[in-house]
Amino acid sequence: MDMISIPAVNMTPIIPEIFLSVLAMALLLINVFVPSEKKSYLAYLSFFGIIASAVLVVNGWGSHVESFGGSVVLDNFATFFKITFLVAAGLAVLISDQYMDREGCNHGELYPLILFTVVGMMLMASGTDLMTIFLGLEVMSISLYVLAGFNRSSKKSNEAGLKYFLLGSFSTGFLLYGMALIYGATGTTRLYKIATIVGQMTLPSANLLLVAGMLLMMTGFAFKIAAAPFHMWTPDVYEGAPTPMTAFMSAGPKAAGFAALLRIFLLALPTLQAEWSQVLWVLAVLTMTVGNITALRQDNIKRVLAYSSIAHAGYALVGFAAGNATGTAGILFYMLSYAFMNIGAFAIIILVSKKGETNGNVSDFAGLGFKRPVLAVVMTIFLFSLAGMPPTAGFIGKFYLFSGAIQKGYIWLAVIGVLNSAASVYYYLRITVYMYMKEATEDFSWIQVTAPVGLALAISVAGSLIPGIVPSFILQYAQMAVKLL
Amino acid sequence: MSNVLSLTTFLPLLGVLLLLFIPKDSKGVLRNVTLAVTALTFAVSLLILNGFQTNAEFQFVENVPWIAAGPFMMRYNIGIDGISLWLVILTTFIMPIAVLSTYTAVEERVKEYMICLLLLETGMLGAFISLDLFLFYIFWEVMLIPMYFMIGIWGGKNKIYAAVKFFIYTMVGSLLMLVALVFLYFKGMEAGITDFGLLHFFTLKLDLATQIWLFLAFAFAFAIKVPMFPLHTWLPDAHTEAPTAGSVILAAVLLKMGTYGYVRFAIPLFPDAANKFAPLIATLAVIGIIYAALVAMVQEDVKKLVAYSSVAHLGFVMLGIFAFNVEGISGGMLQMLNHGISTGALFLIVGFIYERRHTRLITDFGGLSKQMPVFATIFMIVTFSSVGLPGTNGFVGEFLILLGAFESTLRWWTIVATSGVILSAVYMLWVFQRVMFGELDNPKNQKLADLNGREIAIMVPLIVMIFFMGLYPKPIIDKMEPAIKKLVSQVRVSTPVAQAQSIQPVVALPAEGQAPAPEAGGTHETSAPAASTPQGTTTAPAVNPHDAK
Amino acid sequence: METLFFLIISLVAIVSAILVVTLKNPINSALSLIMTFFCLATYYVMLDAPFMAAVQVMVYAGAIMVLMVFTIMLLNIRVDASKKHSHKLILGSIIGFFTFLNAFFVIYRSRAALPTGPYSGEMIKSVGHTELVGREIFTNFLLPFEVTSILLLVAIIGAVILAKKKI
Amino acid sequence: MFENVWLIPLFPLIGFLINGLFGKKIKNEAIIGAIGTLAIFGSFVVSCLILMQMIGLPAEQRVFEKVLFPWIHCGNFKADMAFLLDPLSCIMIMVVTGVGTLIHLYSVGYMHGEEGFYRFFAYLNLFCMSMLLLVLGSNMLVMFIGWEGVGLCSYLLIGYYFHKKSAGDAAKKAFVMNRVGDFGFLIGLFTLYWWFGSNHNIWTINFTEIKAASHLLPYGGVVTVATLCFFVGATGKSAQIPLFTWLPDAMEGPTPVSALIHAATMVTAGVYMIGRMSFVFVKSPETMMVIAVVGAATAIFAATIGTAQNDIKRVLAYSTVSQLGFMFLAMGVGAFSAGIFHLMTHAFFKACLFLGSGSVIHSMHYALHKIHSHDDAQDMRNMGGLKSAMPITFITFLVSTIAIAGIPGFSGFFSKDEILWQAFSNPYHGNLNVVLWGIGAVAACFTAFYMFRLVFMTFYGQCRINSKAKEYLHESPFVITIPLMVLGTLAVLGGYLGMPKILGMLPNYFEHWLEPVFEMANEYGGKYAHHGAHPSHALEWGLMGLSVVIAVIGIGIAFTMYVKNTELPAKFVATFPGLHRAVYNKWYVDELYDFIFVNPCKALGQFLWKGFDVLVIDGVVNGVANVVMAFSGVFRYLQSGYIYNYAFSMALGVVVMLGYYIFK
Amino acid sequence: MENLNSYLIVSAILFSIGTIGVLTRKNVIVIFMCVEMMLNAVNLTFVAFSRHLGNLDGQIFVFFIMTVAAAEAAVGLALIIAFFNNKQSIDVDDVNIMKW
């Protein structure tokens, strides 16, 4: 019985993860010594930590390093998504402090949890082993269950956490079953190996174990990205969760889900593309349609954005169904810009709502346009970006997604997509209608834009507009990112 | 001076930046600055006019890479030819007038209003000068936003409905166009085209089925914007609710986007399909002419009436464009300009009385001529311009359209459309009579003030243009003709089918100096049987005496 | 003999699983679930994975279920008090049935990959299951293993945040 | 002088601009009137000079085209702002400027004190300019400017008293009916242009070019279509059946307007147009017949209505319609120069009549105004016995009446008789000729009757006006009477220019003058000559005598009914109440049009708006939105909030997805 | 092991029963137990495959799944307790403030 010799491993691919984990733990320790009214320092610390880790991430651009025996890889794809996660987390951190203070639940553990979530998401994006991906997913999910229920005193928050937890673990069951079947069909959990084995199969689509495994896995991830019919949790959880966490949830985990899906499907199962793109076609249509149509009649603005978030998952699925470089690069681009515009919109919602998340209906925005013109303009930019109006990032993103589908020959999918996005215009416009075209019922004097929120808004506006006007560089990075898959 | 086109387009945007620094309470400054910016834009656009060479080429071209990622290559590719030149000038010309019209009409949220106006101008100009399909689409969509806010914020009672309807209606069409645009791009990529440049796609040969689908998508988007029957119902709502300047711009420029889209994109890109659908579109256009005229006749709201008259006028434009000959298309182009001026003026006129009386119901008026003689005169001139009285601009366009359409295969359509000329007189004169003639019996009307200096100043340039374009349209036609000839050849070249149906010989024949040809032994006895084929059913290509020589 | 044993275990596992779903009292459900877990542990032994069986018993039956029972007791919950939704039952059963049907056909109609690894029953028996698992974990699956530490940390923080009386 | 032809329309344009833009500031009626009158008088002078110059030229050189500036050049289409001088347009400009000058002068007196005096003169000048463009235009499009321009001015002038609803209605009606005609004009233009262009590559709308190419035109066929369309245009402008109803209503305008526009000039534009394009029209026998028949029918139809009207101006209006019918009859039978001749003489005597009636009305109005009576100053039943009060007016009026009635020695006789003779003897219509002549003769009889009825009712018998007012009746001032006298003189003498050959006292200068214009038409018309032999001189003499007898009969009946036995008309009405009511109500044509066109159009408009636009189209648009919204409601409630429902949806999704792949 | 499929089918049955439980039960804790049962069914599949394939990856996976299950149990039960503290109920019918 010899000793187990732990092999020398290359740590490069997970340096940002390590950094963030260490930072999170450090914050946990610091938290003990920070008095409850000074928790903002933790926010600043974690924000700078996120920036630092972003630097670390960016540093890895262009390299391709596999490590841990093929459990994890550092490549442009992962880097791109990691940036997206960090953007989401950074913005979420910035907008959290004010909200949490107001709601009286500014516990210092919030920030470490966010950072751990990011670690989980990063592992999903860079993992090349089903186990890594699964564990990344769970780290992310468990943190999110907690974050969703973070405001213990709020019944809604409680309920959101519980719902998310129960349905999330239910979906985990399917995901795992799928992984098990894949494992059974291929004999391994390493994506590269799966790719090789599946590539050697004469007719992979006839292998039911494989196909079923693929579908079940898709189910699991579809839950995370809120694709119909696995989307039902989304509106409730988004509504109930503390708003900054909703913002974070809508941007980060969705992107992470796509990262994992893309990684698995494009890396390991490209030979099954005919099958999965067929399914994704249907899912995309269902998701867009359900999301958009249901959103039309919502009153609570968080719910509106929740359904809109479902619809956006649908748009991204359009690009995914196409499965080509245009579409997938579109997903990458879209997820990044979606993080900006959606979190920006939620930031405005935070500002407009009052303690206890009252004042959160669409009609409560009445007259904002002329009482607080800057905020309203900013919100309008986010909304138009969400609606996909040029010259915003949302438009370019959608353009690439749908273009991917068209390039692939899925014209009807693109047509359904654009019709959906025309319908979606209605509920985004509805918010602008209230902001600009209805008389104000309140004077919005309670709105205070603190420095972090202001910064978050500025970043979001820049992130929604600049990629819309000069999208080239981001798109090129996205293209490079998907090329290596 | 090489980027004067960009300068024109983005000058209003700079104006927006300027406005941001002006406090919102100093309304006068805001107004004057906006006026100055638009006037300056107009002045700069005159430089374009001055430097424009009369030929079919695109001029003032600027072409720099913009987006390059994945399969796509978008360029900031702009330029104008004879077709877009005048629409650019029209836009810059109308804008100061529109701004001037808001001096008393808009008292609230002046700053925002002016910003909307300037943004709108950039959007419109950009759409007219884009030679890159993608760039065009961007501007096309951008225009919607300020217009939406103008209707929605400063509109009338039903403003929200109108604004949202306007936005979504247009959006549906343009998004489908986007799909077609991308599809076209990929088709082009197969043929070796590497960017969205419009000119590349002119050379692209597509099979008929593809053309049909693409054409339908483009045509749908443009038809909504035009608006063509039966996609017009957003227009009366939008017009009725929009503030005066909004209506003016909407009528004068925005609707032209649709017709311009046909001329610039839908037709030359998909000539075969355009030929195939010409009868259908002509039918819709003609229905639109008659239908809108009949509906306009019974309107109770002056503004709505003018809105419906727009539908009818643009029906004429569409008919002319789909005649596919120089006369028809030139007529269509002229009519676009005319409609911009006349209908813009009509909306201003409605705005004047609305400002005074806060009603637009025809029954609330009557006998205003007595109280407001200057107003009456101007209204009358504009009315007759709208009716298409010879000597005013309306006639030249309408005449050329009908002439061109009559020459083409759309003869029977033309005959029906010509009856629209009668109906337009009916509804315009009727409303004029009810508003201006009769007893001045409503006490509220008896104290109305006539137009003041500013209002007259607004109308004078329009009136001058009405007569100038009616009496001496030559410079305008001359500048646009080469481009139109090119367009006609684009439509004709690839259409053997359509040519067989076409009765007339190739237009490109030099027509100058061809005096009536004395045919050898040309007594009436010999010529009588040769030409006795009944009109309308002639299908054999006519014998051209000059070809024989 | 082995087949018979398998069948018996399966019967117990399935019956106790059904009891988990059908019994009114959550405590009884929990006890039935523990029964099922034990059956699974037995399977693991039969599948030459004694270490997994041990972990199964310790983690699931020992830790998780104790936690559950403890919670049930803490919250003092007796029975499903509210009225039944029969349509829910029927629909749920139908879905469950179809889930099984699908799974059954997947299993029935397809073949798993051919054996790839070196770990035959004899080899496991000779080297020892625990050691083999250990080796795997600390070589090939080192990263996931490390990640579990974070996972557990997160779970701890989460539980504290959510359940502690006063933070 | 030919080069300066553009001065002719320019003067009135200047007049228009001065009066239109500054008239309100000038205020002084004398200056305004002077500007207006001098403007048209300047044109008259230039016209005279041109006429002189043209007389001096040999016949074949009497064509001159002046291109002012290029107007619409587009593709093959080319239309310049250009003027054509030839004998025909010369006559027309003379008539327009000459009569126009007189009427301007008259208006200075007649419109005295009216609110908007400057407006009136501005419009009048504008009208003259348009009319001059119409007659001078060297291509159809310039003609069309004038064509619509006179329509516009007619609209403006009819609606001069815009506060009166009837005036506004009449103005609109006039314009719209003209527009119907314009519609025809345009289609005709298109057809001709298209035919020449596509068949012979001659893309032109220029009269001289078309004339030069007219030999290419076929007989009938496309020419029939084109000419019929043009004829529709002519009916609109010249108030022929079926588009005549606007003209009587147009009497809402001030009387000088009626004289100038609705008697002397504008309404004859249709006749002029046919004359201008005679070489096209004759190529279609069908069209010629239609023109002849419509002309004859209008002549008799309007004449019958004229017999029962009581408004002095309306009688004259129907008379105008009827006389225009004669002119069209002339055109339809190929008697182009006779038609134009009648046009000219009619301009003289009808203008005189209108102005005379204006003088009467002016006087009546003054008298009634003085006693604050609201009686109708235009109703002949209020008049009577005015000849003593207004001698000059009476004499000129009587002279003109005799002229129109066709008594030998007066201008109307020469022109009308020529038309009737040609109707009888023309080569075009074969056996129809007799009918045409017969109708013409009867119409002439009616004309004599109602005109003398007018004279008798107005100037003879007892004065039926309130006796107090009677004292205020007076002769009009000189500005009014001078034009009357001039026109009265012309009404007598004008005829001698075109004395029929058979009378032989003077050569037919007029026909001779116009010969180069109608040469080609006559040549083409020669094709039809195989119809019948040339009638003899005896027949011509006989018919001439007959027509004189007919006229005298008409006068006699009028004399009997309105001077000798004044109770007769009442008896007549009592005997044939239905007939009278029908005639009095203009055969219910207006009502018919309302019923067939106007009301259905309005109803259709209402239906299309409320029923189709709002209900159907917007219904579909909003319907789509509503359906989507309804789905939104449904989807929304699927989101029940229950975890097991959500889980169910997920499980269902899985089962379906898997099931599809397993069992497909 | 000679009969892979019998293990897989037992696992499938357990998975399905777990699904039914999630869909039909009302007590949140019982639902969570059913989820645990589903995870266990998956574990069985993994182990069976692992044995069949002769590699230990599946068993390692099961090891991690158990860890995850434990973590989920901790957080899940904490959430349930928090919910109970607010609502005095753990009936899923009461987890229904947010809907539509």
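The chains carry the letters A, B, C, D and E, assigned in the order they are written, with residues numbered from 1 in each.
Assume a contact is a pair of C-beta atoms (placed from the backbone, for glycine too) under 8 Å apart; a residue touches a chain by one contact, two chains touch by 3 or more.
The structure displayed is predicted, hence computed values, not measured ones.
The set of chains touching chain A and also touching chain D is given as B, C, E.
Averaging Cα atoms per chain gives one point for each, and the point farthest from that of chain E is the centre of D. Chain B has its Cα centroid nearest to the centroid of all protein Cα atoms in the structure. For the pairs C-E and D-E, the count of C-beta pairs in contact is higher at C-E. With centres computed as the average of Cα coordinates, no chain lies farther from chain B than C. With centres set at the average Cα position, the gap from chain B to chain C is 72 Å. Averaged C-alpha coordinates give centres for chain A and chain E that are 25 Å from one another. Averaging C-alpha coordinates per chain places the centre of chain B 66 Å away from that of chain E.
Mean C-alpha position of chain C lies 103 Å from that of chain D.
Residues of chain E found to touch two or more other chains are 8, 15, 18-19, 22-24, 26, 31-32, 49-50, 52-53, 55, 57, 60, 64, 68, 71-72, 75, 79-80, 82, 93, 95-99. In chain C, the residues that reach two or more other chains under the touch definition are 88, 91-92, 95-96, 99, 102-103, 105-107, 109, 112-117, 140-141, 144, 148, 151, 154-155, 158, 160-162. Annotation for chain B: no residues touch 2 or more other chains. Pairs of chains meeting the touch criterion: A-B, A-C, A-D, A-E, B-D, C-D, C-E, D-E. Chain A contributes residues 1, 4, 6-7, 9, 14, 21, 25, 28, 67-69, 71-72, 107, 109, 112-113, 116, 119-120, 123, 129, 131-132, 135-136, 138-139, 142-143, 145-146, 149-150, 152, 161, 177, 181, 184-188, 197, 207-210, 212 to its touches with chain C in the complex. Across the complex, chain D meets chain B through its residues 24, 69-78, 81, 141, 144-145, 147-149, 152, 155-156, 159, 162-165, 167-169, 171-172, 175-176, 179-180, 182-183, 186-187, 189-191, 193-195, 197-204, 209-210, 212-213, 215-222, 225, 283, 524, 527, 601-602, 604-606, 608-609, 613, 617-618, 621.
On the side of chain D, the complex with chain E involves touching residues 636-637, 639-644, 647-648, 651. Interface residues of chain A facing chain D in the complex, by the touch rule stated above, are 163, 166-167, 170-171, 174, 208, 211-212, 215-216, 218-219, 222-223, 228-230, 232-233, 235-236, 275, 279, 290, 293-298, 423, 426. Residue ranges on chain A touching chain E, taken from their complex, read 130-131, 134-135, 138, 142, 145-146, 149, 152-153, 155-156, 158-163, 165-166, 169-170, 172-173, 176-177, 179-181, 183-184, 187-189, 235-236, 239-240.
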